[in-house]
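Both complexes below contain chain A, partnered by chain B and then by chain C.
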Partner chain A sequence: MKLSRYYPYWFVVPALLIYVLFFIFPSVNGFYLAFTDWSMARDIGSLKFVGLENFRIILDASMGIRSSITNTLYIAAWTTVLKNVIGLALAVGLVRKSFRSKNMLRGVFFLPAILPPLIIGIIFTSVFKPNNGLFNNILVWFGMGAFTKAWLAETAAAFGAIIAVETWRQAGFHMAIYIAGLQVIPEELYESADIDGAGSWQKLVFITIPQLLPSLTVNLILSLISGLKIFEIVYSLTNSGPGGTTAVMLTEVFDQFSKGRYALSSALGVIMFMIVAVIVMVVYGFVQKKAGAHNE
Partner chain B sequence: MNRARTVRNLAGSLLFWLLSLVIIVPVVIILLNSIKTQSEADIMNFALPKSAVWQNYAVVIQRGKIPRAYLNSLIMSVSSLVLVILSSSMAGFVVSRNPSRLNRGLYTFFFLGLIAPLNMAPVFNLIRSLGLINRLFGVIMMFTALLIPFSLFLFYSFMTKIPRELDEAVMIDGGGPLRLFWQIIFPLLKPVTVTLIILNFVNTWNDFMLPLYLLYDSEKWPITLTIYDFLGRFKRDWSLVSANIVLTILPILVVYGFGQRYIIDGMVSGSLKG
Partner chain C sequence: MKRSVFSIIGICLALLVCSAAVFAAGSQESASAGKEVVLTYLAASNWIKDYEYIMAEEFSAETGIRIDFQELPPDQYENVVKLKLSAREGVDIFGSISGVPALQKFQPEKNMIDLSGEPWVEKLKGWATVGASYDGRLVGLNLWSVSNNAIMYNSSIFSDLGLQVPKDYDSFTAVCDALLAAGITPIYEFAKDLWHTQYWMETMTYQETLRDPDFIEKLNTNKLKYADVGSFLTALTQLRDMEKKGYFGEYILSNTFDESWEAMASGKYGMIMIWDSFGTEIESKFGVPQDVFKMFPNPMAGNTVRSTTAGGILKVPYAGSDHLDEVLQYFRFITSPERVQAYYDNSSDLNVPSMAGITYSPTAAVESLNEITREEGIGIEGLCLYYDPMSLGKYIQSMFLGAMTPEQILAAMDADRAITARAAGDPNW
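So, the complex of A and B:
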């Protein structure tokens, strides 16, 4: 029987056409545009090839764009650690059978993951505002009035706020993936460990963590990618401030775009693509290797 | 022993309920602020408003052109949903049923779309040269292209649970591929279709970036962008901003209330399969 008679290739064509035209084409086109002098002033029909000029500008520290790359990596690293530690802790707590209200709590912790990130950023500008902001009020209430400050007006504190808000937004999502991972660990493994007299720490190290490796991989990759792609939170929470010090790659892509420096914006997009690609491959390769070593 | 365990469990739940306040408190304060006066709302606290100022909503709806923005959001979400569901279910069906070399190649090709970040300046260039800039249709096509990979994967993996014997029965009856898919297979895909409709609705409704780059006329703006109109115009009058926030997230909260299971399970299984 010829499979393609009943499963004809043309069924794939609509999806493929839309995907290629609107996703693949601009992605590939970006690699070309990044090497040109495309700008508001220069029409797309008469572009000149400028070699690595755009990349030179981006990587030249005195141009003020490079810091957006290091800022992004910094935020991605911190949020990945926090989202996974908190997500896993919530999952371990909320997977216990004896916990009656666990489904309701899961719903609450998951909620921020489906709110618009832009709106979350705006909500937190009110939480972190200096006068009568919720966060400062809470500090005063706990007798820590000395620690109050204008959180979004100082660079270090503003980074802390961005990292905290991005973690707030996604920790519940990672919790849900960890819960799914915890639920498929066979009960017998723990039972036989009990018989062998293993303590809870040993069970964690020798059963839970190795068994969680697939969800750990997924969570690491997803949290790194969403950290690298952070945009709305920074845009609405600090607007790259104070003084542009908390700019990230995607706010810089937008900034260059709004100034009409399209080629520069494209080049930054290309760098973003490379960083995501490399990180995904490295994490994936590393975990595969680890998993391989475990099976031997 | 048993009592000690009960106490421990109770302490555990109490701890998690306390932690959940970190999520609940900001959301509740926004709800409260949306019916306070401007000066009351400036202080972020749990105090109930002296009298509920429902007027805030009237002001926001009128000045923020909310009905128009709701309509724009709805048009963009629903149109892209229809396109995504139709195209990716058909594609997922064939790629899953016929594991030829070409189809396995296509599978990997679509996989790229799950990871690669979109480069917005070239997207702007494409949409502009197609004459779709500042048109809802341009954003609709971008949404569709972005949602196809994820949707295709969910359809693909669900398809493996549908027995092939069904296909064979239809083939023996002399039915063609179109009849097989639309009359027999597609109705069986209902659970995953519902999940995808909800998830894709949430994603398109929440999106800010594509309209930001591709729509500059405020008449065309979706609901998420109307808030920016407000922050500028009212210089953070938190009562009005809060009312706008509530109007923006209300549809999402309603969908979450009814379809929480679908959303969490869908997002989790989607990411585990990806």
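So, the complex of A and C:
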């Protein structure tokens, strides 16, 4: 009897059915709804095609929705860089065998990743309070009282707070992926480099980072996606304020949905899907190309 | 291979049939196990007074019908209810803020029934009927009182500093300057919570109805835009000036409602724009006697009259409920005069009752307002279609940051209103 080494293709059918029913179908339906006048007053059966009207409203600067797109990109760019730089630095520090408390510290740094983002946002709202907030109190304690401010009530500071909290929340998660990547780098490479007289920096640049490209790809993609889909932290920390200046795409989707403008909300969802898909494909393609060049 | 495919499909189908049978048996069992009717009542947290639970227990003891109170977080309440209604998901009664704009969000034509023929309707006061009506139909029961939204002040601070109650905007700013000079922040305003700061404009809008009885009608039929109303512009401009002069203190954009009782009880702030039972709430939370806190009407844009809400929280029967008869039975039970009286006697934060023949003890705030004027009416929040306090709150934040002018705020509100009206299929837009 001849046994196949692989499972038959039809094994994928149940999973595919669920995927089509609960992801592909709603997504395609969302695309369709974005071009209609669906709202709280219109039943789904009586929708009219309105062309690009919803997209026109979104891109009309006077409506204040467009800025949520640039805000999302800004936050995603900063958090991607910071999560990866800090995650990598922590991983490099905590992968050393000589570090005795490394396991405990790994757990400590990873902990924020398992906390619900909404809870984190609520806690940090208290931390950033201008009166008796922990952060301002620490600044005063270190003699830097001149730097205290209403962190969530000024646009630039509020962006800083969002980026800092999101980075704090996820850096440990990316650290864990980098640690996994670092642990599979052959020790002989470092030994050879030592014999050749390479310093720490050279080992990082010429051995660690190239060998880490698979982990880097995963981390870049995941941090980009989570940055572009940021919602809970913004919602709980600033609620898009002050004056809607920190609104991101998902808070706008939520806001428009709350107002019963379902088609507008769907159109925003479509724009977001396109942006995430394009950016992730470009970044993935770029990193893969680099990895290919390195392997050659 | 083919046999395997058929086997798998067969197993899947068998599982499906089994699970369907189990569900069906379960539902039959629950339907036949007892005849107990449970009415599901959705409300945002703080919308159900303690005494309502007692009334529900008494109702249950008398009729065997149980009330299942489900409280939801206020910021998500509207969305959850809309979803449950559209999914026809086991709601019998749901809470709603009074007034046409709030009721409109829950599609009254489809989801609400006319209660005009109920025996308790004749006992309702006029404002309680108006606030619970949509398109000529009475769609909800209002047991709550109506609230005056005005400026509450700490009378101890005023008397210590020899300050008189302001009668107009100029004397109001003079009081604010005097408080500032005494080291007291004149007003506690919590602009971080988007719903509130707009009351500085909203609470002077009833005067427009007095000037032009068709004012609301014109707004609702798109014959008048917000940008055309001079007093709106004046009020927003004055609000901006107040912020610039520091009357709200340093942290207006960080302040939140949940710190407001403490702020006023502390004596660090002189005034707050709030409802008339707020003094009672301060007394229960911080022990400062409620008679310390008195009120005067919002003096902005030349206003001298009182602005009220459209009423309190309504209990709205859901048209798609399987237990409408029981819902109406429950409403008749809780609206008996002795129960309504007990409800008011046991709810210290309620003021002017919604039903005739019910006695109450007015707070010092209400009495002080009565001494100034008895002219009162519903502001635009309770009457104007598509009025969006949250967006206005966001725009006012932008104005405080210097990113928007009062004129731009009104234009943005008009643009917002047009989108919502068109989305609602309103032929006037």
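Brief remarks on what is shown
Assume the second predicted complex is superposed on the first by the 282 of 296 C-alpha atoms of A that agree within 3 Å, B and C clash if a C-alpha of one lies under 4 Å from a C-alpha of the other, contacts with A are read in each partner's own complex, and residues count from 1 in each chain.
Note that in this section a residue touches a chain if its C-beta (ideal position, glycine included) is under 8 Å from a C-beta of that chain, and two chains touch if they have at least 3 such contacts.
Being a predicted model, the structure only gives us computed values, none of them experimental.
In the superposition on chain A, contact of A:V218 is made with chain B only, not with chain C. With both structures placed on the common chain, the touch criterion links A:M144 to neither chain B nor chain C.
With both structures placed on the common chain, the touch criterion links A:A153 to chain C but leaves chain B unconnected. In the superposition on chain A, A:I18 makes contact with chain B only, while chain C stays out of contact range.
After overlaying the two complexes on the shared chain, residue contacts for A:M274 are found with neither chain B nor chain C.
In the superposition on chain A, A:F257 contacts both chain B and chain C. In the superposed pair of complexes, A:T245 makes contact with chain C only, with no contact to chain B. Once the two complexes are overlaid on the shared chain, A:L204 sits clear of chain B and of chain C alike. By the document's definition of touching, neither partner reaches A:V184: not chain B, not chain C. Once the two structures are superposed, chain B and chain C can be ranked by residues of chain A touched, with B on top.
Contacts of chain A with chain B, set against its contacts with chain C after fitting on chain A, overlap at residues 8, 14, 129, 257, 263.
Residues of chain C touching chain A in their complex: 1, 4-5, 8, 12, 78-79, 82, 105, 107, 192, 194, 250-254, 388, 394-395, 397-401, 403-404, 412, 415, 419-420, 422-425. Chain contact summary for the complex, chain B toward chain A: residues 9, 12-13, 15-17, 19-20, 22-27, 29-30, 42-45, 83, 86-88, 90-91, 93-95, 97-98, 100, 102-103, 106, 110, 112-113, 115-126, 129, 141-142, 144-146, 148-149, 152, 167, 171, 177, 180-181, 202, 205-209, 212-213, 224, 227, 231, 236, 238, 241, 245, 248-249, 252, 256, 260, 263-264, 267-269, 271-272, 274. On the side of chain A, the complex with chain B involves touching residues 3-9, 11-12, 14-16, 18-19, 21-27, 29-30, 33, 38, 44, 90, 93-94, 96, 98-101, 105-119, 122-127, 129, 132-134, 137, 168, 172-173, 176-177, 179-180, 214-215, 218, 222, 225, 228-229, 231-232, 250, 253-254, 257, 262-263, 265-266, 269-270, 272-273, 276-277, 280. If you check the complex, the residues on chain A that touch chain C are 8, 10, 14, 37, 39-42, 57, 62-64, 129-131, 150, 152-155, 239-245, 257-261, 263-264.
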